[in-house]
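Mind having a look at this structure? Questions to follow.
For clarity, chains are labelled A, B, C and D in written order, and residue numbers in each chain start from 1.
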Amino acid sequence: MQPAVEFRGISKHFGAVKANTDVSFAIAKGAIHGLVGENGAGKSTLMSILYGYYHADGGTILLDGRECQIRSSQEAIRLGIGMVHQHFMLVDNMTVLDNVMLGTEGGFRLASHRAEAEKKLREICDRYRLDVDPLATIHDLSVGAQQRVEILKQIYRSANILILDEPTAVLTAQETESLFEILRLFKEQGKTIILITHKLQEIMDITDTVTVMRGGRVVGAVETAQTSKEALANMMVGRPIENNLPRGPYKPGAPVLEVKGLALKDKAGVSLLEDIDFTLRAGEIVAIAGVSGNGQSELMEILSGMRLPTAGQADFEGSPLPFKRHDADGLPRVFRNLGIAHVPEDRLRDGVVKNFSVMDNTFFGYQDHVKGRWGLFDFKHIAERCAGLLREFDVRPPNPDLRIGLLSGGNQQKVVIAREVLAKPKLMLVGQPTRGVDIGTIEAIHTQLLALRDVGVAILLVSVELEEVRALADRILVMCGGRITGELPINEFDTTRIGLLMGGMHKS
Amino acid sequence: ANPKLGVVYDAGGKFDKSFNQSAFEGASRFKKETGINFIEVQASSDTQAEQVLRGLARKKLDMIASIGFAQTQAVQKVAKEFPNVRFVLIDGVAQGNNVNSITFKEEEGSYLAGVAAAMASKSKKLGFIGGIDIPLIRTFACGYAQGAKSVDKKSEIVQNMVGTTAAAWNDPAKGGELARSQFERGVDVVFAVAGGSGMGTLQMAKEKGKLAIGVDSNQNHLYPGTMLTSMVKRVDNAVYDSFMQMKNGTWKGGVTAKGLKEGGVDWALDANNRKLITPEIEKRVLGARKDIIDGKTKVIDIRSGAACPA
Amino acid sequence: MSFEDLHLGSIVVSTVRNSPVLLFAAMAGLFAERSGVVDIGLEGKILASAFVSAAVAFTTQNPWYGILAGIGVSVVLALLQGAIAITQKGNQLVAGIAINIAMSGLTFVVAQYFFQQGGRTPDLGEARLPEIVLPGSAAVADVPVLGWIWTQLLGGHTILVYLAFALVPLVHWVLYHTRFGLRLRACGENPHAADAAGVSVERTRYAAMLIAGILCSFSGAYLAIVQSGFFLRDMSAGAGYLALTAMVFGNWRPFYTFLGCLMFGFFGAVQIQLEGVDLPVVGRIPGALIQMVPYVVTVIVLAGLMAKSVAPKAIGMPFVKSR
Amino acid sequence: MNNDLPRWATAIALPVLNLLSALLVTALVIHLLGEDPVESMQILVNSAVVNPEGLAYTLFYASTFVFTGLAVSVAMQAGLFNIGAEGQMYLGGLGLTVAMLAFDASLPWYLLIPVGMAGAALFGALWAFVPGYLQAKRGSHIVVTTIMFNFIAASLMNFVIVKYLIPPGEQNTASRVFAPGAELPRLSDWLPVLGDTPLNISFFLAIIALAVYGVMVTRSSWGYKLRATGLNQHAAHYAGVKISAMIIVTMLISGALAGLGAVNSIMGSTHYLSLNFVGGAGFIGIAIALMGRQHPVGIFLSAVLFGALTQGGFDLSLEKPNIPPEMVILIQGLIILFCGAMENLYAPALAKLLKGKQA
């Protein structure tokens, strides 16, 4: 049988960077094909070429054995290729229906096709058990729901080849599972799927074949059944990945953070957080597990001073954190000066300024700490500090003058974590530290966090990845609906029980 | 040898439909008659005014005519530096033996316009449209009101200004709009003292079949049939005369206030508005004119600090 | 001051008559900006089309040729802006400002060269647009309220006034109920999404600029061959900026933008009426101060009543395919 | 964008090519007007740069433009598009004048000058405060409010000047002339070659302002926060910036800078406040900030370029009767168009050329 997609000798470079070099592999019709590799390995570039975004410098693409020139996304769509991008391609202030119709409106007047489209959309939702309201506006939807809209778009256009670029990076375990359900349905219908992910377990779970890329080249192509996570990781990174990172004995010290009855209501009076009570001690990592959107983000924002609680208090090293309404804007600075570091969940929105250089971002938030004479920046010191940081945390490329927006997500994340670690905090708030990051980098980040714990820093970790929670936490809190629904020590780690608590089953 | 002459316009430029243009016409007439050329420059800011005056003075010009009150300080300063150059300042008063400051009694000409307007008006509601609310424009308005009230105490004057920036002199749409609004409020004669914006006013009057009064130069020819008259301010004559005196060696410095008597201001009666000016109107206007010239009627100039009596 | 003194009728009619200049330009800006291209160059396009339409109308003695020529020049400028913003990926604000400044100079220089009247065109005389007299006007003219409504409020305007007002629902319809509108909004909000959905961002934005050019030209034509009957240097007198203001004020939505334009027209008309009138409490407001009425009111309305204005997200940013 | 070009090409070759294009179009227009383009350009350059007096005027105008350019730039750094520099400079002139009228009889020059500057900065800042406050606290769009405040300033100044400042019996819509102590020292006092030109110490003040701006924006923690606010408000908030305070303070500084623009025009040249003395300098500030990319050197060069056009164009229209003064405005527009908006026009061609040479 002809392969559905075949790459032959694809090369692509951006300036001096060789993103793809002589990439060749084929994907059988009706297969789910995994594509893995480190950040910057060239996966997205290859897919962008397939989707008509970029033109390859050399090589050809064959669809069903026929050579195709894909010059634009329009053409790709016409050829039955659909792509779910790493970053959602949705228009925020439009409805699901409008987003789905965009590009395939059916005629000049929308009204004449809208009803039809809505009907078709509802049918698809039913058939694939996708829970999406066609008339909801995108910015009101959760991340998972937005992901479903992206899928919906592709089904609606009856794409035969579906590319998913890191679709699970922001999904919960349940959401991932339901996504995979859909993918299996697709496969049954004979559609071809290309899945990019950094989570090797997912590769093992769902794909039929895998291609591994490194440095823009294909370094391995295997049948999933014939390989293992370890083997894949080894191929990707070029060395074995340690699963159980070394950690010191659990010796919790004095309480660093005591949260008492913290609550938050939004402007409309809806309760986002209620009765949050917990204690965090020096030298321990407490992980907050839970489906995203259950108040974890809000809690982190309050504790970092970015947002004010409506009730309750939090004692930091014995004295209450100064939540003062009129000081709201400057609070993150006050908290930071107390010794609270914060790795924000959304690094591009909060954690870095994309248009600043890497060096400028290495003291973002600590701009008042790097002053020299005359109260001006001491660039010599900053540059030295930056060089050390890039070396120690293995940021690639180690170029301090590059705009940080040009670094890969994983490397951006390394810069953020390095920055916060270097501040020598007493309390570290960490939100989703490894979202979209490759396994080698995950290992590096985890090592850093554990080292921090071992020197007595209190770490509050928010993660939707149970794997990550398991790898890092000493204790686990589970949140649901703005409340803490349970707590368990790491040695009682039990996926089922945590799942129940995440679903709102109260402390049994 | 022929005298070397210069004209310096202010920010309005020589086509401002106002005193700059009038000055240009005067200078051109002189050139045509005598064949003596003149240099002309526009000074867009007060700083430039000083720069250009000094520049011209250095070129050893014999006489420089500075048009517009905005050049007052510049003339005063440069005249002191160059005692051999003679300056004519229009619309402002500057010190110096080598300066002739020529001001106009706009209130007198406007008075006649007011008389004519009040006579021609049926509604006894008269309109006035000025460019910017500055003393010079207020002087026109006040003279106009005095004239109107001399005909009919109950005449009502509706007054609008186009704006507050230099754009107010180049906004014919607004000038027309103000006129239209005034007509809708019952005004049937409007006096426009707003440079280019006034063009919109005159045009609107023509469209609406109402009467309009022009200003500075004789604008009667623009819309014959609806142009009641024009209040002419003979900046052209002032410039022409000064140049002539220069040529003939009769020029003297000092301060000259040119009113009706001196031929500095007047109303315009020509073939274009002959039909609109009835014998009664003509008689009344000429009467008022004579009274002012004879000193029997004193028209208040608000620039002297007096409040406008009308 | 009594109610009669306010001349409400006159204010309303004056509002109607004054609005088209702003309306056309604001709707033009709406198309450009909803597609993601900042259009600060409205002023320049108004001025250029005002000059060209007046000059051509005068030369041919036909206002329609004038309007056509005005469209032509305004479209050329809009497409130039488009080429800079879309193809060259240059700074859109700079492009707009450059066009405004260059047109202010160029219109004068050219007008002066051709007509020698100080940057003015001669009077158009008969080459202006006729005012439309509604059927039956003569009959109802003397009926009290109805007569006024029929002959002055509804009738007695040129075709451009009707076009301007008809534009509001039309623009709304195009924006929210057509394929083009959907794509346009998507390009202004998230061009990457539009692109991924197979919509050509470039084509959509060029189309938007084309429409902006056409609409903006009416603004200039109205100014020159309807309101004034000639062209005068810098006669746009800030109308382009005011239109932009009305659009921001209206949150980039046709109906609210329309209200913004009406607001300027209305308070401008009120200001005319208030000048020189003794008001209760404050007395007579000096002439210079009264000019600020429309602007002060705008600020107050903006500060007091309006929620935050939210611009199209991708506005002003060139679209580059990679992030 | 596609800058595979070496530094010298983007920093020198492209701007020069763009400038030449603008001048080429200008030359074409001049030719069409029936004048000799080459000779006209000579006049322009001679008058603006070569002739020392002309150069002094160029730098005099540039001094004002530097301040308004800085005013717009500093706001732009925070993501605020301040169109109101015109009105702020206008009000700055009022502040300066109020200070002069109050103190010029009593204070010596070395106190009078700082007091005048303080008055200008204060009034300019206050005029910018309201739009800043409304943006920070009420979310009122700064573009709209600053445009409105330009109009309001014009009305207000018209009123104040006519009602209170014109000395009795004077025609000119201007305040009285200040005492000689209020005159800024002129450079021609030390450099007689500059002739009788108004170039004064504000030129150095402008340079100092540029330097302070440059240092503050790139090297201080405040400037860092300022830029962060302009680029990403969420991140700035995370970094501990009080966004609303930052907006208000930035507008105060912006307004103060615009207000200081009045010092050169008034204390340096006319010595009185007159109607419309700003004459568009605030709007030119926008063009300068955009063209100079908010970089101190860029602002300086753009300001000098605009100063040169003001001066050179003036002489051009003087010597060439067929070229009206408005020609300068056209040239300004063309230069902004080619150098500011179409800056990358020749980049692809140049890149190709260089590549071809290498190969």
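Quick note on the criterion: contacts are C-beta pairs under 8 Å (C-beta built on N, C-alpha and C of every residue); 3 or more make two chains touch, one makes a residue touch a chain.
Predicted model only: the values in this text are computed from it and were never measured.
Chains that touch both chain A and chain C are the following: D. When you average the Cα atoms of each chain and compare centres, the chain farthest from chain A turns out to be B. Separation between the centroids of chain A and chain D, computed from CA atoms only, is 46 Å.
For the pair chain B and chain D, the distance between mean C-alpha positions equals 35 Å. Centre-to-centre, using mean CA coordinates, chain C is 29 Å away from chain D. Note: centroid distance chain A to chain B, computed from Cα atoms, is 75 Å.
In chain C, the residues touching two or more other chains are 112, 119, 233, 238, 286, 288, 291-292. Those residues of chain B in touch with two or more other chains are numbered 13, 132-133, 163-164.
Residues of chain A found to touch two or more other chains are absent. If each chain is drawn as a node and touching chains are joined, the picture fits none of the line, ring, star or complete shapes. Applying the touch definition to all chain combinations yields A-C, A-D, B-C, B-D, C-D. Taken in their complex, chain C has these residues touching chain B: 7, 9-10, 13-14, 17-18, 21, 112, 117-120, 123, 223, 227-230, 232-235, 237-238, 269, 272-273, 275-276, 286-288, 291-292. Note for the complex: chain C touches chain A at residues 177-183, 185-186, 189-190, 192-200, 313, 321-323.
Across the complex, chain D is touched by residues 11, 13, 39, 41-42, 44-48, 50-52, 54-55, 69-70, 72-73, 81, 91-93, 103, 132-136, 163-166, 303-305 of chain B. Residues 15, 304-306, 329-334, 336, 342, 344, 349-356, 360, 364-365, 367-368, 370-371, 375-377, 379 of chain A touch chain D in their complex. Contact residues on chain A toward chain C in their complex (touch as defined above): 51, 53-54, 72-74, 76-77, 83, 85, 87-94, 98-99, 101-105, 107-111, 153, 405.
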